[in-house]
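Two complexes come next, and they have one chain in common, chain A, joined by chain B in the first and chain C in the second.
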Partner chain A sequence: MSGAAGERVRPPWALLAPALMLFVGVVVTPLVMTLMLSFHDWGQYKGIEPVFILKNWQEIWSDSYFHEMFARTFRISVLATLITVLLGAPEAYILNRMRAPWKGFFLLVILGPLLISVVARTLGWALLFGGNNGVVNMALMRLGVISGPLPFMFTETGVIVALAHVLMPFMVLSVWAALQKIDPQVENAAMSLGASHATVLRRIILPQIMPGLLSGGIIVFSLAASAFATPAIIGGRRLKVASTLAYDEFLNTLNWPLGAAVAVLLLVALILIVVSSNALIERRYAEVFR
Partner chain B sequence: MSYLDLDRVTKRFGDYAAVNGIALGVTKGEFVSLLGPSGCGKTTTLQMIAGFVELSEGAIRLDGRDLARVRPAERGLGIVFQSYALFPHMTAAENVAFGLEMRGVARAEREARVGEALSLVGLKGYESRYPRRMSGGQQQRVALARALVIRPAILLLDEPLSNLDAKLREEMQIELRQIQRNLGTTTVLVTHDQNEAMALSDRIVVMNRGVIEQIGTPQQVYEAPASAFVAQFLGKTNEFAGVAGGGRFTLAGLSLPAPPQLSGPVTLSVRPERMRFAAEGGLGARVIARIFQGNHWLTQLETEAGPAILIAQNSGGAVPAEGERVRIVWAPEDATLRPSGGSGR
Partner chain C sequence: MSRNGPLALIFHTLFVLFMVAPIVVVCLVAFTPEGFLSLPTAGFSLRWFRAIARYPEFINAFWMSLGLGALSSTLALIIAVPASLAIARHAFPGREALSALLLSPLMIPHVVLGIAFLRFFTQTGLSGTFLALLLAHVVVIFPFALRLTLSSATGMDRSIEHAAISLGASDWTVFRRVTLPLILPGLISGWALAFIQSFDEVTMTVFLAAPGVETLPVRMFLYIQDNIDPLVTSVSASVIAITMLALILLDRLFGLERVLTGHSDKGS
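Take a look at the complex of A and B:
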């Protein structure tokens, strides 16, 4: 560096200021305010009282209703992530092995849905499986395959399937990125040493795409856990998850402090889960991440 | 009958024949190089032997058995790839052990053979290293050990040394040759580097545009190139255009004996190191430039028959200076005569 030893280089605060102010203004401040809000009191007739109490947190802690909501959110996110892993990883692998014109075409097919609003994509599921009038339900009933409509709307299965569909591109993309880093000759090398296709996938390809599966998993899990539109449309108010619960507390019950506590808890839980699973898998597959 | 037999092997991609009717027999224990410029079909040939690319026509037989229906995993060949293709998530020992594991070799024997293979390539003590923590040369050795440990019927080397620096490459050439001699493994090497092919091979197969130009020992292809392509591809060569007829050959006023069947325009080629400066006789020439290269001098000449280069060993004697008029001669047996525009072009 140009400065002599001992001379302190002043951080370029002036240059950092605009970005810093934006960050503090739109990210840090609302978060801190939400956190503070969760400690305020609320009553049907008195509204929000800016005091410091643990009432909301105690309620979440002790009421099994909230436990159920969070357990359901966790269950839905884990299963949706699992589905994207099971379907998305092979999808990415096949995509990666395709030849020139088809590769681009199918990449577009996979990424195309990202250009459409989540609401529209979720409503598609409602059109297909929505009660007696759902297209698929009607067709299957006419064919006599089923006697009543398939239970999809307002079920956990429905939310999981719709979330997995909506978030699939994120998994495919991250696995695909990992696949592209693999030396294409590695598969030939393993085969020449006597490995079957299945063994090549399990022993050679899978360990090398673990970083992609992990980052895809983290993206899908956190998006699924905090998703609002999909559980709101498919689950409705009968099947609430953490995010729709917070929404209802804010906008229907108008109990902002309780809603804030739910939102903060969701954020903290997500951070803990993501960071710890990341550390766990990174340690297990240390050599691949280098 | 040869151990590995390529019988009129052809590979077409659309209308383009990457490999066009190659016939080659490799005897057991032999080291054969496929040498040629990029796009000559040598790598495609190797991939067909390995089973990664299907043949359009012809057959490949190993020890009399047709390989057409044998999957790559069952051919039992050891392959060293240009990129080494090591498994990055496995240690050196795990990489080498993989082939043995696939063959169901028991743990104790596996460990013994892995240790053996790693010490064969001089990597004892590197068992638990990961490929990314090894130098290019070390990775290369792991790849070689991995291919050899399964005691392959044939060792296929796909430009194995091209990613190493010059000094390391020479060391590896010597080592590779020694290992191959000691084990007696039949080896097919694909390379574009003529020095590598000459240093390692028992026989060289010179390929160009999907066909074989010449098969022969390194000396044969170097000293007696069968075509202009071979002459130019292997080492430097001087070519002079002349006219032949009636058992004589004329070149810029010189009249030299020629095979009686030759007539019309012919090309005479002489290796630069086979030409000498002389007081009289031969071709007249002028020295354009001379370059000192330590053990030899490289002189660029403008002769009566066209430009030429001459390599003179540095034996301490004087070398003609730039601009000097000289005469150059060569022994008749060091020159090759070919009809011009002939074979292989």
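Take a look at the complex of A and C:
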């Protein structure tokens, strides 16, 4: 017990000990063990051999199967991110211009799915896509957009659409937060000076929501690249992405060292992409973040 | 404030349709009277909801998820409160790095965490136990609990604490009678968000689940991997209904936007 008012001098380690113990014990240690595992050997009959070899890394480096799979993961994530930008940003803007009761209501409708199990949401897409007479194909054909049914299940298109849906709330949330910081007077000033609505959008709104758009893009991209349930259900067993491949190596093939190498590579690639694009954005938009 | 034009409203309608369509479809298919997936469905029946009762694995998984969510979010909060007080009130070297470490489960793909936990718990002989699942969930939901407790601990007015101390209250009394009530709104929304994260988690849990310790999303995922039938849609519809209920409650109490963006300044 310390004396009178003022900052009590107490080392925070006592307060931090439980959290630190948990994280060193159950986060850092398992991650280090996984990194080590990726250098171990494995054979069908001998199982995991705790030796230090580069076999798994060489296999990923040289086998085109892995190149294709990582390229697919990247492609799917980029396209899903692009969809959330093109649809989510305008929607956040429209939402922000709505009147009081509707604004809150639709914000709830759009952000709410974030809390609904991703398995249930993906199941919805599987039902919508389902085969040649799925609802999406029926609607598109009736509208005359397409003449014959498109394959969605077990295709990249299907995975991209479902991922864009699952991750859309993150983009809307991010752009919405950026929009809250804009002073509406600037928009009004531009209007009163004779700027058209398109000019206001392009010259006033867009530059100011850009940081929100980009940070939302980073969140969506990294979540798309590491998504598991959605590509597993929509992509099926044939269309593999990094996370579903790692899962397969672990729980079906049982080649844990190879699965660990895929997982470590996914983690490292994601961290590099996220950290470098974050740094780029912060440098570019330093004045907005201040 | 200028209004949205007709074009904007058409876009908005299509967008909302896109967002709710998969959820609505699950709920519609769940009420089918047929023995197979059919849409649009001819009639209306609760047959597949009654069928859930015949599959104890779904019921057991539901209780497992509920218990695991409640226990892990409570544990996460108990650990997060002292940590957030330490981070919010003490300037010490390495504070930034420490927050980064404690928030790191947000950055690490859950599939990587799942693999790391599977390896770790297998090596320590805990694989397939409830304890392994509990520890893993506490770690994964910890950032959510920390963010909300941190924001209420940072936004708190400390002069009341100082008054209590100068009046001779002990550390524990100050915490119990002053600090805790002040940060309580943040704690409750932190708990709720952590619970939902635990209840919904599937990617990491699928690596640790074993017969007897299976959560509902994992059971649903494994079921869907085999086949999609009306039964799993009625289970999903039930999950959606429960989540909606929690969502409305959360929104009424704290404002959903605040909970999701990690600011719990309302009411504190």
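One rule holds for everything that comes next: the second predicted complex is superposed on the first by the 261 of 290 C-alpha atoms of A that agree within 3 Å, B and C clash if a C-alpha of one lies under 4 Å from a C-alpha of the other, contacts with A are read in each partner's own complex, and residues count from 1 in each chain.
We take it that a contact is a pair of C-beta atoms (placed from the backbone, for glycine too) under 8 Å apart; a residue touches a chain by one contact, two chains touch by 3 or more.
Not measured: the values here are computed from a predicted model.
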> So if we stack both complexes on chain A, do chain B and chain C clash, or do they fit?
Replying inline: fit
>> Quick check on the superposed pair: does A:I281 touch chain B, chain C, both, or neither? Answer first, second, both or neither.
In response: neither
>> Per the contact definition in the header, classify A:V26: touching chain B only (first), chain C only (second), both, or neither.
In response: second
> What is the contact status of A:P207 with respect to chain B (first) and chain C (second): first, second, both, or neither?
Replying inline: first
> First (chain B), second (chain C), both or neither: which does A:T34 touch?
Replying inline: second
> Which partner does A:L179 contact after superposing on A: first (chain B), second (chain C), both, neither?
Replying inline: neither
> A:G130 contacts which: chain B (first), chain C (second), both, neither?
Replying inline: second
>> Residues of chain A touched by chain B versus by chain C: which partner has the larger set?
In response: C
>> Please compute the chain B to chain A to chain C angle from C-alpha centroids in the superposed arrangement, rounded to the nearest 10 degrees.
In response: 80
> Measuring by CA atoms in the overlay, how small does the chain B-chain C distance get, in Å?
Replying inline: 8
> Where on chain A do the contacts with chain B and the contacts with chain C coincide?
Replying inline: 191
> What does chain C use to touch chain A in their complex?
Replying inline: 1-4, 8-9, 11-12, 15-16, 18-26, 29, 37, 39, 78-80, 82-83, 85-87, 89-90, 92, 98, 101-102, 104-105, 107-113, 115-120, 123, 135-136, 138-139, 142, 146, 162-163, 165-166, 170-171, 196, 199-200, 202-203, 206-207, 216-217, 220-221, 224-225, 228, 232-233, 236-237, 239-240, 243-244, 246-247, 251, 256-257, 260-261
> Of all residues in chain A, which touch chain C in the complex?
Replying inline: 1, 4-8, 10-12, 14-16, 18-20, 22-23, 26-31, 33-34, 37, 87, 90-91, 94-95, 97-98, 106-128, 130, 135, 162, 165, 168, 173, 176-177, 184, 191, 222, 225-229, 232-233, 242-243, 246-247, 250-251, 256, 259-260, 263-264, 266-267, 270-271, 274
> Tell me, which parts of chain A touch chain B in their complex?
Replying inline: 183, 185-186, 188-196, 199, 203-204, 207-208, 285, 287-288, 290
> What does chain B use to touch chain A in their complex?
Replying inline: 50-52, 71-79, 81-83, 85-89, 98-99, 102-103, 130, 132, 146, 150
